[in-house]
Each structure stands twice: as structure tokens, then as C-alpha cells.
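Look at the two complexes coming up: chain A is in both, with chain B in one and chain C in the other.
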Partner chain A sequence: MEDGLRLGDRVFRSRLLLGTGKFSSAEIMLAAVRASGAELVTVALRRFNRERPDDDIRGPLASLDGIVLVPNTSGAMNAREAVRAALLGREITGSPFVKLEIHPNPHHLMPDPIETYQAALTLVREGFFVLPYMPADPVLARRLEDAGCAAVMPLGSAIGSGQGLATFSMLRMIIRDAGVPVIVDAGLRSPSEAAAVMEMGGEAVLVNSAIAAAENPALMAEAFATAVKAGRQARRAGLMPRSETAAATSPLTAFLAGEGA
Partner chain B sequence: MSTALPFWLDVSRWLPLARGADRRMVRRALAAAEPGIREFAILLSPAAGAELEVLAAHAQALTRRHFGRTISLYAPLYLSNYCPAECTYCGFASDRHVRRHKLTRAELDSESTALKRLGLEEVLLLTGDRLATAGYEFVRDGIAHSASRFHNVAAEVFAMTEAEYAGLAAAGCTSVTLYQETYDPTRYALLHLSGPKADYGWRLDAPARALAGGVRSVGLGVLLGLSEPVEDVLRLFRHAVWLRRQFWGGGVAISFPRLRPQAGDYAAEFPVSERTLAQIVFAFRIAMPEAPLVLSTRESARFRDGIAGVGISKMSVASRTTVGGYAESTALSSPQFEIDDRRGVEEFCAMLRAKGLQPVFKNWDAVYREPQCQTSSAST
Partner chain C sequence: MNLAVNGSPHIHQGRGTVVELLEELKAVPAMTAIMINGEVVRRSRWEAVRLAEGDEVELIVAAAGG
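Let's turn to the complex of A and B:
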């Protein structure tokens, strides 16, 4: 497959991952997933409801072809809880992927690096393709990679904040040194930010709030998909180097040519 | 009552803003990047009240950003209405001649079954004040039993010790709701005549003890109507901020119970209008954008429909304020207070969907409980 996103033992055409929370209805969520062309879709285990089908986040997604579910462990406060949630998520969905999310503070929802690292070690041992949501810390990114994670998912800014790429310079360091795909997750507000991630060499982005909170979620999903594609193409095409000064038409060092040999 | 009041109860610096801010200050508060107590006070002012529509638009945008277009649902379940306390405004006060009952295990089971049939996965267990016959063990066992049936179990019961809260958490309690009712110590003493609840300081510290004991989140509130509302909600705001600083992993939710001006035989001395209630909700949403804001069925269907998703992110539904009443058509006790919105689950959800809001029944999973909790619930 040409220019695919390689995660675990799979290759995906789409480099846009979608989160499924916060939508006003299952129909609108489905329309957004379809319009995005996403193949990887994250679902919160805490929103699985086997007893009330109209409240079950998985039910509607079953009607879509070509979708791989990625259960997430949001709600877990520590590594033990996240591991239990991941095991249950795999049991229910059969998916080999898990988005590891541990955010003990319910207000800013920033990921706990220590618990995330510990849970990653266990889940890799359990045979998962672990996709850890993490602070944009280049050292932690390498530690999680060394632990065997299939990708790293540093945040652009706080979940749902719409603050965009507040961690831009850290993301650049993570991407420069990464040996696994870097998927920028959380905080993105506009498609141009997704394109910027792809241009700087990010392998994919995950978007939820920016699409769910848009006035027209399906149209916004399509806009993100287009931006991700454009950013990726730009990366592959090779961006012209940025220059602080203009190239002078009369070279400033021309006078040196007159020096005798 | 403890001797010294905590520093954060002092809101004298911000009261003048809440009473006298002007329109320009309101605009600046709405544009603040990091709103805090100062902005909150300004948003409570009459000048902000004159721009309720602008506040509502901000509140709706922030609710959408943090909670999406969803409303989380829960239902209260009264375990007992025996009560040793004499709280002048309460329908279950010890001096009231009302029908009283304490659920047996079999009754709790059938009440739970009835709530499960409605699809609810979050239940809020309630009792009166502490009694030997309806004390810590009674509540803990009720939580353990409910945790075997529901994914999410919260408790709105009497103030406990930290060790007791740790016991509730181990039994599967994820959240403790405990309203101070009023933060004004003088009004508090006038309203709470006897019983354990008469100890203002013990109650004030209880949410901190709950978080210290390992309960994941606490719900705070004042019973609007009991005392001067602006001063009370300023103190409520500071209480929430203080708890968040002390317990970085703890959640703080805010509820907005209101004594309805005409309901019951206790007339609110400081009646709060729907406009004022809405303004308080909007101010909380704007100054504390990620806190769950909760509204019960005390309020009318009209008010609830209007404010759902416009600040409020979580609502009770199909509530009974009696002991028993879900399983049987006849309740086993009198009600604590009259509810206004009597719609059933399906009717309420149809309203939410028509407004473009998705009702969320399950937003938590029992898998997050420590395994020993699940065995302890099985053994009780």
C-alpha cells in the first residue's frame, strides 16, 4: 500500500483518527466518521452499555465497514485501572489496539506520565498494540517507544481546549527523534493545525472535540481529512526551506570576486 | 462547631464586585482568559444579570466544549428517611410527623431493578442524618449492594469521618454529594437546630475528608433560598477552588438545589428567582468551565429544558424523593420535597434529543473499581 500509516501489524490508508464522544446523536457521529474516511476510531470503554442499546457507543459503529475500533481507557486514574479497562475492552471488541489514557485530574484531564508508562509496560506484555496518550515530552516519548508502544500520542494542548498546537516545539523534538509513528492527539481546533502536524512529519492526528463541537460535524470531519491529506502531501513533496532574509539579487559578496589569485 | 473559620470563607473582597460591577467590567470578565473568583463575582452582579443572553451564549459554548452535546443522567434513591436532625426547612426533619421507612435489602433490590429497567446506570443514594440504626454500616452496605447492580454509585448522606469515607470508596462509592446548605454560620445555626448536622464545621470539612478518604469526586451546593445567595455562592466557589488545590486528583461538581418559593410549609426567606438561578449557573460555567454542573427535578420542565446544555451538564430524571417509589406505585414514606418535573425517562430523553443533546446513561464502568471492592459487595 502506498504511503500507509503502519501501526502494529496493520497498514492504514487514512491518517486521521476520530474520537466518538461529545456528539449530539449517534447519527451525527456516524456521518462524521463516514465523512472523515477514518479507519481507526476510538471508543471510550466507559460508554459501552450492554444493557441499553440506544446508549451504547459501539452499536452504531458496527454498521460501518472497514473500521477498526480502538477502545480507550479514559476514566482510569492509575495503571491498574487502565490495565483492567484495556483487558475488558479487548474482550468485548476483539481489537488488538488500545488507546492508553490515564488522567487522574478530572478538570484538566492531563495524562499522568508515571502511571501511563507503568501501564504501557504491562499492556505491551499482554500483547496489545499500545497507543499511549501522553504529555508532549520528548524523553517520555522515547521511554514509551522503548517500552514497546506501537505509536506515541503526544497532546497538542489540553483535551477539548481548542488551544491548538501549544506544544509545537516539543512536538517537533518528539517527531524528529521518534522511531514509531507520532500521532498528535487532543487540543486541535482547526484543520490548518492538523495540516501543520503532518507538514512537520507527524504520522497522523486524532480529532474529536473540534469535529463534534462544530456546527456541521460531518463537513468539519471532511475538512480535517482534506487538511491531513494536504499536509502529508506537502511533507512528501518537500517544503522549501524557510529563510529569515531575502535572497539578494546583487550578491553582497560580489566585491570579493575582484581579488587577485 | 470548630473555632476558626477557614480563610477561604472570607469573600469580603469580592462582594462589592458582585453587587456593583458595571457593564464594562462584565464585558472584561467575559473576555478573561483565566476567569477566577473576581470574574465570577462580576458575573453575579446586577449588571451581568442585565445581559443574561450574552452570559447564556458563553455558558452554552463552554458546556459544548467540555461536555459536548450531551447530558449525563442519574436518579436519586432514598435508603431511609429516619432522621435525628431538626432542620427547619426539611421535609424529613425529626419533628415532622411524616411516614418513615428504611429500605430492607429486598426492597433496595427491587428499587434497583426498577431503576435498571429504566436504563439508569448512575444512582445517588440518600439517607437522613446519622442514626445508630441508619449509620455508616447501613450506608456502606447499601453502596456495596448498589455497586453490584450499577456502574456508578454516589452517596448524599450525613457527614462522615475520613476512615468511613475510605470504607465507602472501597465499597464502590465514586462520588459524595454534601451541600453545606448555607455557608453563613449564623444562618446555619438558626436553620439547623439539633442533631449531628447542627455542627457547621464538621459538615464544612466533610468534602475534604471524603476526597482524603479516596472518594473520586464530591458534589457541593447551597440550598438557594436559605440565605443571602450572592455571598453563599461566592463562598461555594471558593470552597470548590480550595478543594481542587488540596486534592489534585479529586473532582468537584456543583449542584443548584433551590427552595421553591411556594413549595412546602417552609417559606424561603431569601427567595431566588429563575432568572437569578440561571445567572448563577451561567457564572459557574464561565468561571469554572470544566466542572460538572447538576440540576435536579426540583425545577420545572420548562426551566430544565431551557438550561440543559446551557451551563448544566448533568441532570436527574424520573426522580422519586420518597423511600421506595420506583418499584411500587405507592411509596413507603412521605417525600422529602416536591418535585416539579415529573416526566419519565423516555419523555425527558425525547426532549433532550429534540434539542440536539444526547442523553448519556452510562459514563463510567465498574471495571474501574478495585477488584476487592467487587468481592466485598458480593459478600455483604
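Let's turn to the complex of A and C:
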């Protein structure tokens, strides 16, 4: 596949990963996944509830072809709980991927870097392709890469905040130094931000709230897919260098004052 | 057999296999993970494992999430 996204031992065509939370119905979520062209889709875990079997999202998702589920460890307060959640997620989905997320404070949902690193070490040893949600910290990104993670997923801004790329300059440093794919996760609001990530060399973006909370989620999913594609193409095409001064695109000789007939 | 399933008391009528318990609770085996007394039980061990009186069972499924 030309220009595929390599994660673990897989290659994906789509560079847009989708979260399934916050959609107003399963039908709207499915329409958004289809419109996004996403091949990697995250799910959370919850206790089985015999009174509410419809909460189980695997049923609806089974109707989609070519989707790889990425169970997350949301709700884990520490490394031990995250490892347990990852093992449960693997049992349910059969997926080798796990979105490792440990954010104990519900007020800001910032990932705990120490617990995340500890859990990553264990999960890599257990054979997972670990996709850690992390603060936009280049030092931690390197540590997680060295731990054997399949990618790093620094945040653009707080989960669900729609504050966009508040960490722009840190993301640029992470992307410049990373030896594994950088997937910007969390906080994105508009497709132009996704395009900006791709233009600066991000390998993919993970979007949920920006699509789920849009007035028309399927249309927004398509818009993000288009933006991700455009940003990636721009990156591959190579942006022109910046100049301190203007550089004319047309001849500057005054055509009226010229020699003429 | 008295169990605690997802934090609530449950009287199991069968022989204590994982599959029997899931059928009893109308959980779909292919979509459910099980933890017994805090340990995740891999699918490959479902046949071998027997529940015992007083076991704490957690049944986990996939849900919407980002």
C-alpha cells in the first residue's frame, strides 16, 4: 500500500482514528465511522448490564467491515488497573492494539506520565501494540518509544475541550524527534487543526468529540477525513520555504509604461 | 451457588462453568470478558475454570468511548 500508516505489524490506509463516545445514537456513530473511512476505532469497557444490553457497542460495530477495534483503558487510575483493563479489552475485541490512557483527575483528564510509562512497559511485554495517550512532552515521548510502544499519542489540548492545538510547539518537537508514529489525540475541534498536524509531520490524528458533538457528525467525519488527507499530501509534497520578504509571482515591469507598440 | 456478579448477589444454578454463567445471564460469550476474584480469565481457559461458592465475578463488555 502506498503511504500507509504503519502501526505494530499492520499497515492502514486511513490516518484518521475515530472514537465512538458521545454520539447521540449507535446509528449516528456508525454513519460517522463510515463517512470517516477510519480503520482504527476506539472503544471503552464497562460492566455487563443485563437490563441494558444495547450499551454493548460490539454488536453495532460488527456491521462495519475492515475495522480494527482499539480498546482503551479509560477509567484506570493507575498502571495496575490499566493493565487489567487492557487484558479485558483484548479478550473482548481480539485486537492486539490498546489505547493506554490513565487520567485519574476528572477535572482536567491529564494523563499520568509515570503510571502510563509503567503500564506501557508491562503491556509491551504482554505482546500488545501499545498506543499511549500522553502529555505533549518530548522527553516522555522518547521514553515511551524506547519502552516499545507502537506509537505515541500526545494531546493537542484537554480531552473533549475543543481547544485545538494548545500544545503546538511541543507537538512539533515530538514529531521532529520521534522514531515511531505520532498520533495527535484529544482536544481537536476543527478539520484545519487535523490538517495542521499532518502538515507538520504527524502520522495520524484521533478524533472523537469534534465529530460526535458536531451538528452533523457524518459530514464532520468526512470533513476531517478530507483534511487529514490534504494535510498528509501537503507534507509529502513539501511546503515551500518561508521568506522574510515578499517574492513576486508576476513580472514587475510596468506594462503600461513599457516600450510597447 | 452464591456468587457476586458485578457487585450484586447472584445464585448460579449450573455447574459453575463460565459459559453456563454467561448463558444464565444472557451475556453474549463472544463479546464478554470475565474476571474472577480480580484475575482476568482468558478465553482459552474458560473450559478449565470452575466457579466456586463466594466467587466475585466481573463481566465486562465493550462500550462507546474515545
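Everything that follows uses one rule, which is that the second predicted complex is superposed on the first by the 240 of 261 C-alpha atoms of A that agree within 3 Å, B and C clash if a C-alpha of one lies under 4 Å from a C-alpha of the other, contacts with A are read in each partner's own complex, and residues count from 1 in each chain.
Rule of thumb we're sticking to: contacts are C-beta pairs under 8 Å (C-beta built on N, C-alpha and C of every residue); 3 or more make two chains touch, one makes a residue touch a chain.
Quick caveat: nothing in here was measured; it's all calculated off a predicted structure.
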Discussion item. For A:47, using the defined touch cut-off, is the partner it touches chain B, chain C, both, or neither? Pick first, second, both or neither.
Written reply: both
Practice prompt. Could you say whether A:104 touches chain B, chain C, both of them, or neither, answering first, second, both or neither?
Written response: first
Discussion item. Just checking: does A:22 make contact with chain B only, chain C only, both, or neither of them? Give me first, second, both or neither.
Written reply: both
Discussion item. According to the stated criteria, A:80 is in contact with first (chain B), second (chain C), both, or neither; which is it?
Written reply: first
Item to complete: Report for A:92: first if it touches chain B alone, second if chain C alone, otherwise both or neither.
Response: second
Discussion item. For A:58, using the defined touch cut-off, is the partner it touches chain B, chain C, both, or neither? Pick first, second, both or neither.
Written reply: second
Worksheet, complete the sentence: Dual-contact residues of chain A, meaning touching chain B and chain C, are 21-23, 45-49, 55, 84, 88, 160, 209
Practice prompt. Would you pull the chain C residues touching chain A in the complex into a rising list?
Written response: 6-7, 25-28, 31-35, 38, 40, 42-43, 58-66
Fill in: Residues of chain B touching chain A in the complex
64-70, 116, 119, 121, 151, 216-217, 244, 248-252, 290-291, 353, 356-365, 367-368, 370-371
Discussion item. Using the touch definition from the top, list the residues of chain A that touch chain B in their complex.
Written reply: 21-26, 45-49, 51-52, 55, 75-77, 80-81, 84-85, 88, 104-109, 160-162, 209, 212-213
Worksheet item: Can you list the chain A residues touching chain C in their complex?
Response: 19-23, 29, 42-50, 53, 55-59, 61, 69, 71-72, 74, 84, 87-89, 91-93, 159-160, 186, 206, 208-209
